Amino acid sequence: MRVGVLTGGGDCPGLNAVIRALVRKGVQEYGHEFVGFRDGWRGPLEGHTKQLDIPAVRGILPRGGTILGSSRTNPLKVEDGVRKVKENLAKHEVDALVAIGGEDTLGVAATLADQYGVPCVGVPKTIDNDLSATDYTFGFDTAVNIATEAIDRLHTTAESHMRVLVIEVMGRHAGWIALHAGLAGGANVILIPEHRFDIDEVCGWVESRFKVRYAPIIVVAEGAMPKDGELVTKDGTLDSFGHVRLSGIGDWLAKEIEKRTGKEARTTVLGHIQRGGTPSAFDRWLATRFGLHAIDAVSDGDFGKMVALRGTHIVRVPLSEATAKLKTVDPALYAEAGVFFG
Amino acid sequence: MRVGVLTGGGDCPGLNAVIRALVRKGVQEYGHEFVGFRDGWRGPLEGHTKQLDIPAVRGILPRGGTILGSSRTNPLKVEDGVRKVKENLAKHEVDALVAIGGEDTLGVAATLADQYGVPCVGVPKTIDNDLSATDYTFGFDTAVNIATEAIDRLHTTAESHMRVLVIEVMGRHAGWIALHAGLAGGANVILIPEHRFDIDEVCGWVESRFKVRYAPIIVVAEGAMPKDGELVTKDGTLDSFGHVRLSGIGDWLAKEIEKRTGKEARTTVLGHIQRGGTPSAFDRWLATRFGLHAIDAVSDGDFGKMVALRGTHIVRVPLSEATAKLKTVDPALYAEAGVFFG
Amino acid sequence: MRVGVLTGGGDCPGLNAVIRALVRKGVQEYGHEFVGFRDGWRGPLEGHTKQLDIPAVRGILPRGGTILGSSRTNPLKVEDGVRKVKENLAKHEVDALVAIGGEDTLGVAATLADQYGVPCVGVPKTIDNDLSATDYTFGFDTAVNIATEAIDRLHTTAESHMRVLVIEVMGRHAGWIALHAGLAGGANVILIPEHRFDIDEVCGWVESRFKVRYAPIIVVAEGAMPKDGELVTKDGTLDSFGHVRLSGIGDWLAKEIEKRTGKEARTTVLGHIQRGGTPSAFDRWLATRFGLHAIDAVSDGDFGKMVALRGTHIVRVPLSEATAKLKTVDPALYAEAGVFFG
Amino acid sequence: MRVGVLTGGGDCPGLNAVIRALVRKGVQEYGHEFVGFRDGWRGPLEGHTKQLDIPAVRGILPRGGTILGSSRTNPLKVEDGVRKVKENLAKHEVDALVAIGGEDTLGVAATLADQYGVPCVGVPKTIDNDLSATDYTFGFDTAVNIATEAIDRLHTTAESHMRVLVIEVMGRHAGWIALHAGLAGGANVILIPEHRFDIDEVCGWVESRFKVRYAPIIVVAEGAMPKDGELVTKDGTLDSFGHVRLSGIGDWLAKEIEKRTGKEARTTVLGHIQRGGTPSAFDRWLATRFGLHAIDAVSDGDFGKMVALRGTHIVRVPLSEATAKLKTVDPALYAEAGVFFG
C-alpha cells in the first residue's frame, strides 16, 4: 500500500511522534510506502508532497511542531476541492490517507471518507483536549506542564510583592488547560469558558486570600467570560461594562480587580509557548501509540475511523462521531476544584 | 469527624498533594479535624502524630516527598500490633483513617478494615504503576518524565561516541517505567521483568543499529532478567552464565554486550532521582483528585475502599480487590513496542 | 553583632539564597544574631521585623522570591525617613545592615552609609544585569534560561506555520536578557534599548529568513525602540508613526511586520515568569557566595561597600561607585550578534 | 581560506554551538569555506571529512553532542601521525584548523602549531572545568544544572525516609562540578579530589545533620579519596581499608557510612546524563562566542592560540600555556563551602 500522511490545524507537540510511528510500523511490519503531504489539506489539494521514509523520521520523536508543515486550508470550501484532492491522491497512487488534526481537519476527513469514498483514517490532535470520543489528545499534557511550571514561578513573585497575578492560558471553548494547570499549580481562582464568572465573587476570593497573608494566583482560559458580559474578542469589542476590550480577558481581569479591590494586579499571557517545544513523556507515548494503531487501521482497511484513548487502551471510533461534539468541562468536575478557590 | 492520615512505603511525588486535598476539602466542606500519623504505620502503632490543619498544608502541593514521613513498618507483623494501632486511634479519637501507600501499606489497611473493623480508606501510590484496579498511580508520570529526559540526554553522547548506552530504571516486578520511558525516549531496546530477554537477540539489535550508523540506547528495568538466567540480585548471586553479579542488571548488560559485540558500552543507573522532586502536572492533578475523592468516601462512611482512576473518572473499589494482584505489562502491549527495537 | 537584613525592589531568584548564606555563616562562624526587616526599606522605616535565624533559613535555597518580602519604598523620599530608619535600627540594636537590592535599594544604602553613618553593606540584585561594578547579578542567569527555553519552544511553531514569532523579554534600559537569550535561543533578530532599530531593516531580515524556507524568531527587550520613534509606553502614548500604542513593543512589532511584509506575526510577552521560580544553579552559587562575602564585610566592619563578581572572584567595591552608572550593552558586543540576524 | 574543524575528547553540550558560530561568521563575514573532520584527530589522520556549510549547521545550536563525531585518537602517538595529518590537511587544501577539545585535543594542537607549523586555533572544552587560562569552559554550566536538579530531587527522598543520600558526580581530578552543584543544591557534605577526606569527619557531619532532624545529602566527585586511601578505581583495586572496591567512591561511601553510623545510606551515580542533552543558555552563549572569536583569530592568522573567557570578555592565550596545568579547586574556595557542612 501507499499511504499518504498530513497534519492540519495548529501545531502541537507529538505530531512528529505520530508520523514516526506510522512510518516505522508501516514500513517494517506491513511493507507500506509513504507519501508526506505538505501543510495540511493544502498538500493533497495542491499536490505538494515531501519524501516520507524511515530516514526522514529519524530523530524527530522529541521535536515539537511537524516536519510536514500545517495549515488551516479546508478543501471542502475550495471550488472543486474534493475533485482536486482525489486527483492528487490518485496521481501519487495513494491507497489510504492518515489525517492528523483537530476538529476541522478530522471533519474534512470524515466528510471525504463518508461522502466521497476517500479511504481516510484519523488521528486526533488538539492541545485544548476538547475533542470528543478520546480521553485525552496529545499536546495537552505538554501544555498543562508548561502552564503549571509558569504558575509555580508566579507564586514566588505574588508572595514577595503581595500582588494579584493573573495567568491567561489557551482554551477558547473549553477550559481543560486552565482547570488542570490551575489545580496542579495551586491556583486560587480558575475561570473557564464553560462557566461564566461573577467578577464580584472573584474579587471576594482575592480578598479572602489576602486575609490569610497570601497573594492570589488566578488562572483564566482565554475564552472565559464574565456573567452578563458580551463576547470578548482581541479586536476590541465592547464588553457589557462599556469598556473597550483592548486585549484579552487576562488584562481585563487584572484591571477590574485593581479597580475593585485596590490591590495591584498583573497579567501574564502564556500564548504560543504552551504549544511548542519537545512533548512531555506522556504525549510522546500517546502520540506514538496513536500512530501505531492508526497504521493498523489502515492495514485492516478500516477507514472512516479515528484512533482514540479509552483508559489505557487505544480504540477505533467513527470519525463522524468523534467530531460531532466539543468535549467541554463537566460542571461537576469544575465544582470539585472550587474547594481551592479563595 | 476526626480523620487520621498516614503515608507508607517508598516516597513518591504527589503524596503531599493528596494530603493537602484531603485536609482542604475535609476542613472546608465537611468540617472534619485531622490527625497526621508520622512515618507510615509506625505512627498509629507507636502513637506518633503531627499537627495537620490548613496552615500545615499550605505550599506543599509542588513539593516531593511527604510531610508525614514514611516507613515500611507493618503492624500485622508486630506483636500485638493491631491492638496497639486500635488503641492509638482511639486515644486520638480518630473516626476514620486514610492510608496512602502501595501494595504493602494498603494491604494492611485492607486487613484492618475487613478483619478488625478499622474504618480505613486507601489512596493508591506506587511509582512503579503496578497496582491493580487503577489505570495509573501518581508518581509514575513524574518518574517516566525524569527517565525520558535522561534518555534524551544520553542520545547525544551515544551518537557522538558511537557507544552503546544502557540506562537502568526502576521496576522490580513490572516494566511500566521502562516501557513508557523507552517508547517516549526513542530507545532501541526495552527490557522488562515480564519478558525474559535473549542476550543474543539484544546483541543483534545493537549491531543492526550500528549498521545504520546510529548508536543504540537500551532501557532496562532493574528487575529484567536474561532467559535461563538465575535471579539477579545486587548482592552478587551467581547468574546462569557463571558470572558473579557484582551489581545490577544494567552493568551486567553493558559488560555482556561489550564482550559479545566488541562495542563500547556504558551504564547509567537512574536510582533515587526517579522518585524525588516536584511532581509533574499530571501527578499533581491525579493526587489532588484522589485526595478529594478519598475524603468524600470517608465522609460517606464508605470504608474498606480505595480510590482509583478509570479513564478520566475517579471511582471507589474494594481495598482487598485492589491489592490482590500485581499489575504487570501485558505481552501484547510490550509487543507493540517491538517495532522500534534494533 | 546584631545584623539587619532587607530585600528591596522587584523579586528575583536567588534572594533567599543570599539570606541563607548570610545567616548560616553569620551565626556559625561569627556568632552574630540577625533581624529580618520586612518589605525592603519599609521594614526599617516602619519597624516591621521578622525572626531570622538558622531554622528560618532551612529549605529556602531553591525557593524563588524572598522570605522577607519586598517593596519599592524609599526612606529618603519620606518625611523624616532617615531619622525613623536610624531610630528603628537603634531600637532593634542593629549594629550593621545588609541591603540586598538593585540600583534604588543600594542607592539608599549608599546615601545612608556615606552621608548618615549607617553601617550598610550591599548585595547587588537585578534580573536585568544592568548594575555596574559586577560582571553578573544573580537572577539574570535564571531569566535568560527561562527566555531561552521559551524561544526553543517558539521555533517549532514558527517552522510549522511559517509565521513570524516575536518574543518580548524584560529589559527597560538594558538589553542583556534579550541579547543573551536571543543568542542562546538562535533568534534571527535581537532588538535592545541601547540600539534604536530600523523597522525596514528588521523587515528585510524577516524576508531573507523566509527565503531560505525558515520562519524568523525576533527577541525584543521591552525597552527597545524604533528609530525616530517616540517613547513607547504601555499606557498608549502616540508613537512617531501616528499609531496609538495600546500595548508593548512586541505587539507593535508584530503588527508592523504583518503590515509591511504580509506575513503572519504573533507576539509572546514573557512577563513575570522570567523572574519567579527556583534559581538556576549559577544563580544559587553566585547568590550564596555574595551572602558569604557580604557577612565577611560586615564582620570586618567594612561598610559602605557592595560585594561584586569579577571573573570568578568576589570583591568589594564602594556602594557609591556601584550605583553611579547603568551597565548597558556595549555596541561592539551587540555587533557580534549581528552575524546571526536574518 | 579553507578552514578545517574537528571536535575531540568526550562529548560536551555546546560543541555544536561552536561549530555553528564558526561557520556562520566564517562564511558570511569572511567568505571562508569549511571542511569538517570526523571523529577528532582521527579525521585529519585518516582523511575522513564531512561537508560543513551553512545548511549543515542549521538547527544544531540546541543539540548536545557533536555533528562531527569525536574520538580520543592522538596522532602524536601514531606512527607517522604528524606527516599523515599534514598530508590530509594539504590534500583538502586546508589553510587553518580549529580544534575544539580538552587538554589532550588541545595539547596535540599546541604541539602541531608550535613544533610542526600547522596553523591551529584552539577552543577549550571540558565539562570538568579544569582547563587553565579560561574562567569557564562550556558544558560545565549544563553539568552543574543537571547535578543540582538531581540533588533537589534527592532532598525529598532523604527527608521522607531519614536516609543518607550520596550522589557521585563527574570530576576525576578536579572537584568543580561537585563544589558548584553541592553549593547550589544545598548539600551537607561536598567531597572533592583536591582535598582527601576524613571518613570520621564525614560521619560526624552525617550525625549532626540527623540531630536537627534532617537527612544529609553528600555530593562526591568521582575522583575524591579518603585520607590514607589508595587509589580507587572502578576495576576493583584494594583500598587502604582492605576492602575490594567493586565500584566507585559513591558506593564505598554509602557502605562505610552505614557501617559506622548505623544509618541507611544510598548512592546515585549521575554518570553520562551530566554531559548530554541540550546546553544551558550560558553554555550556548559561551560556546557561540568562543566560535565567533576563534574564527576571528583564524582570519587574523593568529595561530597557536586558544580563545578563553576572562570575566565577560573573550581573549586569546597561547595554546601551550593553556594546556600546561590542570585548574583545580583552590583550598580557600573549598573552605568557603565548609560553613554548610553538617
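Chains here go by letter, A, B, C and D, matching the order in which they are written, and residues are numbered from 1 within each.
Methods note: a contact is a pair of C-beta atoms (placed from the backbone, for glycine too) under 8 Å apart; a residue touches a chain by one contact, two chains touch by 3 or more.
Going by UniProt, the chains are A, B, C, D = Pyrophosphate--fructose 6-phosphate 1-phosphotransferase.
Note that this is a predicted model, so its numbers are computed, not measured.
Using mean Cα coordinates as chain centres, the one most removed from chain C is B. With centres taken as mean Cα positions, chain D sits 41 Å from chain A. Separating the centre of chain C from that of chain D, both taken as means of CA atoms, is a distance of 30 Å.
Chain B and chain D have Cα centroids lying 34 Å from one another.
Residue numbers of chain C whose C-beta contacts span two or more other chains: 152.
Viewed as a contact network, the protein chains form a single closed ring in which every chain touches exactly two others.
Of all residues in chain B, only 24-25, 28-29, 58, 61-62, 135-136, 141, 144-145, 147-148, 152, 180-181, 183-186, 214, 278, 280-282, 284-285, 288-289, 292, 310-312, 336, 339-340 touch chain A in the complex they form.
Of all residues in chain C, those touching chain A in their complex are 10-11, 13, 15, 63-66, 69-71, 146, 149-150, 152-157, 159-162, 165, 246-247, 266-273, 275-277.
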